[in-house]
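Both complexes shown next keep chain A, but they swap its partner, so chain B is in the first and chain C is in the second.
This part shows the complex of A and B:
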């Protein structure tokens, strides 16, 4: 059985994309902040948020193979469709990074290379040259930032770009290979391809374990350049994972009502909802672990991140976001019956999907917009526009292959899932 | 008429499930099944009510949360106010983050222990309590279905025996009890 991407879903995703384009163009024109900072910051938020969901899907997919999971074999094509978005999301992030490198915006303070040199020489023609040693006629560089200068090897030069390229290349290559092998298995059958994917998934998880941490340092944590947290990577990673589970669960429930995935039973829904519930708790646990340790030790260099979010106007969304993403799934989804009932699942899923968007928003915005931030149509429109793009890419990829991987060795186990 | 209890033994849980389905269709009430491990899908067939252990566990854990917060408020803030590097600073709500790890652990402790003890009490399997399973082999590789005449008034014990002997069982023991 193949999925046909048409009708209201396709129209809706198109409409969302049109809203997104209007928000992008209109937002860029009306954005009065310096260097269109607000526009670029929102592009990064949306680029990363949806990229992270697709990356979460790739991770979850590899996890299913590496752990030899049976129950998810029936729905694995949906995760393949989700990670088809990775190149698009990566492209948005690359545009933002490249624009930063060419100083079109100032999201990443460390991209300003005048910060790295202690001295400068102002020539007679007004041109300034920077140097690390005190040459004749040199004066102290007022822009010099010794904390950032100490990070120059990691952030300042080619190493940052090498990492960025390697992350994206690794994800795109693994995503393409998994998809290719999966489609091959449909035709060839047997267990040879399955065991090859089992080994390759384990290999991918090794890369992912490192890259998921370091990419969140590079692309998000470096916004707050003076600050660092070793927990940050896991915290961002848990956010991407829960975003992926929410999107998969809601979409599969939707597809079931439209006559696809008819063998998706309450036990599958229960398992997916358990993931959504459990990873919400993991996210809350990591959020709180990071917060509590910094709050308790109260060291000036560590608290900057939180003072920017708590002693400012971001305080209300910051704590409401945490409360919603933790308490709502905890108290609503804790019961077994709630995890099997779309009437409980859907409201919680929609709420925490927005909640996790706000989480990503608050990773980027306080360090880029400081206290000049505004929230308006541009933010909402871009969120909806990228949602439309994500839905379009995902469901378009879903329509390109049979919905059921018919030669997956665990398919029967998955179809008969019952607990 | 003396009351009788039937212990029907099976050597495979699938056979037991199918036999139970057949017996229930013919109107027999199966009282219980003794098995060395949980048999998925059996509960709805023999009509076992959903366990309320999870609800009990939630209440134990909530009690733990409340007790932990009350205790720490009393020890650290009310009875002997403590100031450790400025935290806690004589206010429960301002120092809540510092109390969360202990509250969490105590909730888990109360939830887990409460659940385990409730389970043992409810099943009568506390340490030292005599075993109530009809045959020691049900702790190894055999499965026993228990049917009582007490719960099956509409049938004579001969009818039940005939139906039971018709299944895939390997052994049957019939005992009188009061």
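This part shows the complex of A and C:
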């Protein structure tokens, strides 16, 4: 059976994209912050949030192979469709990073090359040259930041760009190969391709284990350039994962009402909802671990990150976000019957989807907009616009291949799932 | 009954029937004790006896008999504590988390892994107890009213959270383990001929009748307990890590500690399960139930958790440099190049490099190789705690108070002694308890037994 991408869903995704374009254009024009900082910051939030969901899908997909999971074989095509968004998300992130490198905005303070040199020489023509040693006529560089200068090997220079390109290339290549092999299996059958994907998935997970941490340091943690937290990467990773589970669960429930995935039974829904529940708890555990340890120790080089979020106007969204992403799924979804019932699943899923968007928003905005942030149509419009793009890309990719991977060795196990 | 995919390897080998499973598991309990068992328990008992002697000497004399000094105020005691708690993680992970993940292979190993968990947690609890100096005041760790002579406990202290976390973990693990044992005790009761053992197993079986109602309740309570036990797998070692991470000592205070300790705990726990089970399956002829596939699965868990630990080590190392904090960087430079660098490199080799060898399929399916590596991993995990604890505090902010730690014979005696006590308890378990969850195993015989899988296969084609 093939999925046809048409009708109300297609129209809705296009309407959302139009709203997004209006928000992008209108937002850029009306954004009065220096260098359109607010616009760029929101582009990064949305670029990363949806990229992370697609990456979460690729991770989950590889995990299913590496762990020899049976129950999910029936719905694996949906995850393939979700990770089709990876190149689009990566493109948005690349645009933001490139613009930063060319100083179109100032999201990444460390991209300012004047920070790295202790001395400067102001020539007679007014041109400034920077140097690390005290030359004749050199004066102290007031911009010099010894903490950031210490990080120059990692942040300032080619190494950052090499990493960024390697991450994106790795994800794009693995995503394309998995999809290719998966479609091949439909044609030829047998178990050879399955076992190959089993091995390649394990390999992918090795790359992912390292890159998921380092990319979140590079693209997000470095915004608060002085600050550091060893847990940060794993915390961002749990957010990726839960975003992927929410989107997959809601979409599959929708597709079932439209006559697709008719064999998706309560047990599948239960399993997906268990993942959404469990990873929400994992996320809350990591959020709490990071917050509590920094709050408890209260040392200046770390605690600044949270004072910037708690003793400012960000306080209210910061704590409401945690409450929604932890307490709501915990209390509503803990019961077995709730995990099998769309009437419980859908409201929670919509709420925590927005909740995790706010989480990403709060990773970026306080360190880029400080205490003069604004929230308006641009933020909402961009969120909806990128949602439209994500839906469009996903469902368009879904329509390009049979919905069921008919030669998957675990397909029968998955179809007969009942617990 | 759900049909299993043909590509899954069978979990029970040979042409087994329900009765064969009962015979294979209960048989060794009914017969006389084998000579090797007697020999092993004698050795383990003697080591345990020596350990108890060292503990009594410590209590009688004071904790000055350990090698602690004013700079290194925590060393082997807390290292051993964390090591044993870590080992005690595999059991509940196998019985609870793998139950929720519907991993059938856990049924061959959960019983003994849970037993190991309980004994390991008891060993762990010894160390903070004897470290108190005045063990007769040990009950002061509980929040008792002041009339009992204690001061109200400090709820801000992670050491107190530890008391709650570990006692909760111990109680839930014990209940979980015992609930699982009930139907198997009943099976033994029904087979026993001698009146006294029959009576004892009858009491232990809590009047189990094997009716459908019993089984429904059994399954329900197992799932509920698994739900309760799963967060405990995380909470216990997270809180143990907070004993260190809430402080402001460079090398201790880092946010990755909670999840990284949990992963390390599962890593060492599985290694200990391998060590014990590889001996047990041979000694008790359980090769058809715990076979290469089970060992391979556990080795995969070891690769995953070992790699997570490896990523965490490198993250810490990297961030100590990236932070630009002088003390933080020094703590790590001192780790890999200071006077204790030998222990750092032992840790790195055993925990990060050695599990990667299991990527080779031939090696992770080799029982001898697995056995050796499981011991290597546990050595590595002991050194991990030693590195974290001793190297972080032996050079503090004030160079005039820098010092080193040297273990005394009592340090060593107590540690070795706990291994003796642990082994004694495990040997007693292996002799008198059903070491496999035989009734649970029967539930997968038709879907995952070799003979039945063959039958399905010929039916289809």
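Heads up, the rule we're going with is that the second predicted complex is superposed on the first by the 419 of 419 C-alpha atoms of A that agree within 3 Å, B and C clash if a C-alpha of one lies under 4 Å from a C-alpha of the other, contacts with A are read in each partner's own complex, and residues count from 1 in each chain.
In the analysis below, contacts are C-beta pairs under 8 Å (C-beta built on N, C-alpha and C of every residue); 3 or more make two chains touch, one makes a residue touch a chain.
Not measured: the values here are computed from a predicted model.
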Overlay on chain A: chain C relative to chain B, clash or fit: clash
Which of the two partners, first being chain B and second being chain C, lies in contact with A:286: first, second, both, or neither? second
For the overlaid complexes, name the partner, chain B or chain C, with more touching residues on chain A. C
Go through the superposed model and pick first if A:228 touches only chain B, second if only chain C, both, or neither. second
Partner chain(s) touched by A:32 [first = chain B, second = chain C, both, neither]: neither
Applying the touch criterion given at the start, work out whether A:150 contacts chain B, chain C, both or neither, answering first, second, both or neither. second
Let me test your reading of the model: by the given contact rule, A:296 touches which partner, first (chain B), second (chain C), both or neither? both
Touch test for A:262: chain B only (first), chain C only (second), both, or neither? neither
One more residue to check, A:419. First (chain B), second (chain C), both or neither? both
Does any part of chain A touch chain B in one structure and chain C in the other, and if so which residues? 292, 296, 418-419
Chain A residues within the chain B interface of the complex: 288, 291-292, 295-296, 298, 334-336, 418-419
The chain A residues in contact with chain C across the complex are 68, 70, 146-147, 150-151, 154, 191, 194, 206, 209-210, 213, 217, 226, 228-234, 274, 281, 285-286, 289-290, 292-294, 296-297, 299, 301, 409-410, 412-413, 416-419
Under the stated contact criterion, what part of chain C meets chain A in this complex? 2-8, 100, 102, 231, 234, 238, 242, 245-248, 253-259, 307-308, 311-312, 315-316, 319, 322-325
Residues of chain B touching chain A in their complex? 40-41, 54, 58, 85-87, 97-98, 100-101
